[in-house]
Amino acid sequence: MNAGIPIQYFLILAAIMFFTGIYGFLTRRNLITILMSVELILNSVNINFLAFNRYLYPHKLDGMFFSLFIIAVAAAEAAVAISIIINIYRRFTTINVEDVDEMKY
Amino acid sequence: MIANQIMFFLLSAMIIVFSILTVISRKILRAAIYLLFVLVSTSGLYFMLNYQFLAAVQLTVYAGGIVVLIIFSILLTSHISQRFEPAGLKKSMFSAIAALTGAILSIVTILDYKFEATAIAAKEVDMRLIGKSLLSVDYDGYVLPFEVISVLLLAAMVAAIAIAKKSGPAKTQSPTLKQE
Amino acid sequence: MDILTQFVVIPLLTITGIILVKDTRQVKMVSAIGMGLQLIMAGILLFLYVSARRAGNSAEMLFVKDIVWFKSLNIHYTVGVDGISVAMICLTSLVVFAGIFASWEVDFLRKEFFVSLILLATGVFGFFISIDLFTMFLFYELAVIPMYLLIGIWGSGPKEYAAMKLTLMLMGASALILVGILGIYFNSAPAGGQLTFNILDISKVKIPMSAQYLFFPLTFVGFGVLGALFPFHTWSPDGHSSAPTAVSMLHAGVLMKLGGYGAFRVAIFLMPEAVKELSWIFIILTSVSVIYGAFGAIVQKDLKYINAYSSVSHCGLVLFAILMLNQTAMTGAIIQMISHGLMTALFFALIGMIYGRTHTRMINEMGGLMKVIPFLSVCYVIAGLASLGLPGFSGFVAEMTIFVGAFQHPEIFYRVVTVIAASSIVITAVYILRVVAILLLGPATNEHFDHFTDAKWFEKVSVITLICFIALIGLAPFWLSSMIGSSLQPIMNKILALNPF
Amino acid sequence: MINLGYTIWIPLLPFLMFLLLGLAGHKLKHKLSGLLGTGGLAIITVLSYITAYKYFFTSEKIDGAYQKITAFNITWLQFTDKLHIDLGVLLDPISVMMLIVITTVSFMVHIYSLGYMKGEKGFERYFAFLSLFSFSMLGLVLATNIFQMYIFWELVGVSSYLLIGFYYQKPSAVSASKKAFIVTRFADLGFLIGILLLSFNTKTFDFITLTDPTGTAIAQGSGIVFMGLSVMTWSMIFVFMGGIGKSAMFPFHIWLPDAMEGPTPVSALIHAATMVVAGVYLIARMFPIYTFSAPVALEVVAYVGAFSSLFAAIIACTQTDIKRVLAYSTISQIGYMLLALGVSGYGGYEGLGYMASMFHLFAHAMFKALLFLGAGAIIHAVHSNYMTDMGGLRKYLPVTHMTFLIACLTIAGIPPLSGFFSKDEILAAALHSNKLLFAVEYAVAGLTAFYMFRIYFSIFWGKETQYHETPHEAPPTMTIPLIVLAIGSALSGLIPFNELVTSDGKAFESEIELLVAIPSVLIGLLGIGIAYVMYRKETTIPEKLAATFKYSYKWAYNKFYMDELYLFVTKKIIFKHISEPVAWFDRHIVDGTMNAIAYVTQSVSFRIRGLQSGQLQKYAYVFFTGAILLAILFIYLWK
């Protein structure tokens, strides 16, 4: 399936996706969209894991399992994050990240 | 140009375009839908890499689980019609510069590095193997991370409930609310 | 359990007892019983020590107990006492005992107050019995930390400021001490072999001179801060004036002695060679302390400030004397520590009692108290006379031993400085009598004072205990000075081997 | 060897009495506590007389000289092998003589006080302090070593402080007591330095070792020279500084007139008869060292004594407070004693001055105590200290009048009263050694007669003053001591001091030198005559004289502005220009530095805390760019 596609393509794609996520993380104000950016970042990492696994160590399954665990962690993270976000919304009636700055100084 | 290359570029283009749209869209629900597209395309890439199980997980967990969760929370917290203020120019400029620098750095590094293709035959990834590996305590076994992750999921579930529960001591404390 | 460890265990048990009792009225009874027991233990220890020495036990430290508690760094829980530590332990238990009675009327968070107070005492006791540098340092920290709470919560005036200042300065000092201790540790085996924190073992080797030049000033200044060494004494006036009565007593009476004792036990005992070379700097600083503190006390208006400056002066004399490397002067220094501990505890107890009645500590707002509260006033006069070095009280014995000892120094510089330090006795008289005259004598100035009641029973217990021992040392100093003198033999041997004069 | 071990009870008994009265006095009845104190004194007075008898008449003499006997000695505090403070009892001619003086006067004062202090608040406190004083003073004179002397020296200082400030609600008494203590304390610092120097050079405190003329202590230490004088001389000058302070010599005399704020019996005991002569006693005790190792210091003693006696006599002529006149007179007479010591040599007739000094000390104690007690009786009767409020009292106070007259005649040196003999011998000693001092002393003798009779005539003759209530004679408890002391001062001239109390313990021959004696009596009579003319009747001569010598009178009246000078030094220089700057320096510079460190730390942290803005994205940005920069650094730059 991946014949003719060098590993670099996957890696470059993942890098672009990763930095898009970073950009989103840095610029978005809404906490939920920040969460989405994080999902992008996690996904790009997954792609890298799988690409490395497939191209460089095809006899092993480590990359795949890592991806699997990352997905699991991402799911947990999303659940907790969203519950926190909702809680924040309840307290502050906003989920704008710039307004949630109680933890300063 | 062979079909899988076309397929790859198509998926890549979708991922990149929708990623960018996700982070710049000014309507939050749209952003979530774009994210869904990205995730689906990513699972396509997994198929291409011949990890069907993972692709399926990706579809079910991400597309089916997380995105739905996100959309629900959007519905709980925002108006669908609400348009975001665009990020400040300075902020987005600097972020873009940083992200671009990082991207260029990574890409240059990737292109610099000579990846040595391996000659070892690929292992066939079937469900049986995955299941065995997950529960194996051998050299290739993943029982410990598996257990850890299951505890984590349980903890996350409890935590999510506990945090999101409406009442609790958090309410009784004198709230330092920022009510506008 | 060996007798020394009990000095740490009894306070801890007392603390447990305090925490367990329900009724806050029982708290002070528990504390008083615990510390009374401690006082009895101190008496027993003194007795055991003296009889052991009589029986011909000439070991450097008695009742030594050694438990390893951190193997890889060779940190031990090593306890042992010589005459000096025994004397300091007796002093501590006396002052703590008196302090409990002086804080009989603390009402706010009483339980927590007594817990902190006794925790502090635990640290002090542990410090005096330790002969392992690290354990010693540990107990030192234990003694310093509760002070912050005690001043910050139960103090008066700008208490947070004072507590913060005091704690920060003492913490800064303990940083110096820690560096010094580690420096000693890493040089404790110059010929190779196991590094050690044990004071007795270290005292047998010669720490390389280059290390001594670095670590002697560090440890001396570090402990000197606690001993109110000029110019690091400024925590003392603020800290004392804000602290509650018992804390001032303990702090000036005992905690400041940690400085002198530590400087002696660590800086002087382990590194006498560097002392010989560098002492002139510190001799100048300490004699400045002595004179400067006394002059500073003359114009103060707050009673506690006066005694804080007076403590600077008297504790300066302690550090001054131990730097003389002379048995008589050092004996004097130890006696001065004990004597100052008792006197200043008495002073602060009395000031607390007077303050409890007049609600002011400004001497110009008071006057003619002798007529109103004769018991306390007479005790204040006695404390004052003891402080200005009247024969028959401990201060005289201490000061004269220091002056005579220091004056036997062969170099003229040291003798001249001694004369300068001795002139503090005049200035001391000036400020003490000034206070006595303004505060106690003269016509009663304020008719609100007329209804004051004189000392209550617990106040009398506190004050009389201290006065008795001040007078006891003053009248019969021989046993104390010989006990201390014989304990100074090891260091004197070391010094004499270094440079016979 | 006679057993004198019991002599330890002589100082101890008053001490026990002090403890008893001090701790339990307020529970006892006034009368009982007074009687207890007096009874204790009576016992030790008897003991002292027995001791004196034993010592002078039954103890064995070696080579015709009285020996120094250490009747009791314990080591109190060990400094080094050689240096240790002992507490003990040393008996030699001067200490035994002092025993007699102290116990006699103290006993008389105790009896007198029973009447004088009757009904005062703090009666038992008064007797407790008197006992403390007696203890300290006895301990001082019986000291076996110089450090014991210093200890009791301080203790007499404090008992004097307590007794001067007895009326503690009176501000003037409080400040007088403070002044007395601090001035003497300053002088004691000199004493202490002297002791330290002495101990460094001779390695001993012990009097017997120190004062042995052939011993090693005197030989040692005289060699080292510092600023032109031997170290021994320096140390002796410093020791003498203590004596100056305690004996209220110029320039430390200022406390004594103020000390008259205390009860009058106290002035009689402490500030006339006993404590103030401690300086003289100190020099006498150390005399061999002075004459052999430190003759220069001895000269200093002589000149200080002479100057003080003249200075004080001049001031005494102008004062109107009778107790102050007596105080200046005391200074003057002590100056005499010191002068006599200063011009004395050692041994035999050379030691005439020494003997004369001790003789005068003895006589002076008697007549000055008498004068003070008489003054007390007068004050008791008229409730005023000022001569201007008195006059014509001879009718009302016959006993006081007679005894006062005897005392005045004694101090004026009229034969055959004791003052004549002692003064004559002092003058003779001065004549043999220093003509200038001799001349000064003649002048002082005249002045003394003048000012004493000035107050005598002003009080008992002079104008007829109207009193609010008729003055009446004091009760017997007060008059009996007056009579006893009057007999003592009249007859003590007959005691053969030249056989008993001499510099080397051996008797020597001395007789009245008519060439000295007759002019001195004449000068005394002249002084009395002038006083008679001026004050026998109310005349305007004093005012005229005062107007004529306006400035000198004013200076003398204001005690040559010594008090003002001291006030200037203490208030202006020490308080204003040392202490306050020190306090300021401490608060603002030293503490300011500490606070500045804290301030700098705090302000820096205020600046940098802006980084912790709570803005999640800023943190992320910083983190991320940091990571990129590090990556660039490690990949491309760190080659």
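Chains here go by letter, A, B, C and D, matching the order in which they are written, and residues are numbered from 1 within each.
Here, a contact is a pair of C-beta atoms (placed from the backbone, for glycine too) under 8 Å apart; a residue touches a chain by one contact, two chains touch by 3 or more.
Remember, predicted model here, so these are calculated numbers, not experimental data.
Novice: More contacting C-beta pairs: C-D or A-D?
Specialist: More contacting C-beta pairs are found at C-D.
Novice: Could you give the separation in Å between the centres of chain A and chain D, each centre being the mean of its C-alpha atoms?
Specialist: Roughly 95 Å, centre to centre.
Novice: What whole-Å value do you get for the distance between chain C and chain D if each is reduced to the mean of its CA atoms?
Specialist: From the centre of chain C to the centre of chain D is 37 Å.
Novice: In angstrom, rounded to a whole number, how far apart do the mean CA points of chain A and chain B lie?
Specialist: The answer is 4 Å.
Novice: Using mean CA coordinates as chain centres, what's the gap between chain A and chain C in Å?
Specialist: About 62 Å, centre to centre.
Novice: By the touch rule stated above, which residues of chain B touch at least two different other chains?
Specialist: Where chain B meets two or more other chains at a single residue, that happens at 91, 94-95, 98, 102.
Novice: Using the touch definition from the top, which residues of chain D touch two or more other chains?
Specialist: Counting only residues that touch two or more other chains, chain D contributes 617, 621, 624.
Novice: Graph of touching chains, which shape: line, ring, star, complete, other?
Specialist: other
Novice: Let me make sure I understand the interfaces: which chain pairs count as touching?
Specialist: Pairs satisfying the touch definition: A-B, A-D, B-D, C-D.
Novice: Which bits of chain D are touching chain C when the two form their complex?
Specialist: So the residues of chain D touching chain C come out as 75-80, 83, 85, 147, 151-152, 154-155, 158, 161, 165, 168-171, 174-175, 177-178, 181-182, 185-186, 188-189, 192-193, 196-197, 199-200, 574-575, 578-580, 582-583, 586, 590-591, 593-595, 598.
Novice: Report the residues of chain D in contact with chain B in the complex, numbered from low to high.
Specialist: Within the complex, chain D contacts chain B at residues 617, 621, 624-625, 628, 631-632, 635.
Novice: So in the complex, the part of chain B that touches chain D is made up of which residues?
Specialist: My answer: residues 91, 94-95, 98, 101-102, 105, 109.
Novice: Across the complex, what residues on chain C touch chain D?
Specialist: Touching chain D: residues 165, 168-169, 230-231, 233-235, 237-238, 292, 295-296, 298-300, 309, 327-328, 368, 370-371, 385, 388-392, 396-397, 400-401, 403-405, 407-408, 415, 418-419, 422-423, 425-426, 429-430, 433-434, 437, 440-444, 477-478, 481-482, 485 of chain C.
Novice: Spell out the part of chain A that touches chain B in their complex, as residue ranges.
Specialist: Touching chain B from chain A are residues 1-13, 15-24, 26-30, 32-33, 35-37, 39-40, 43, 46-47, 50-51, 54-61, 64-65, 67-69, 71-80, 82-87, 89-95, 99, 102.
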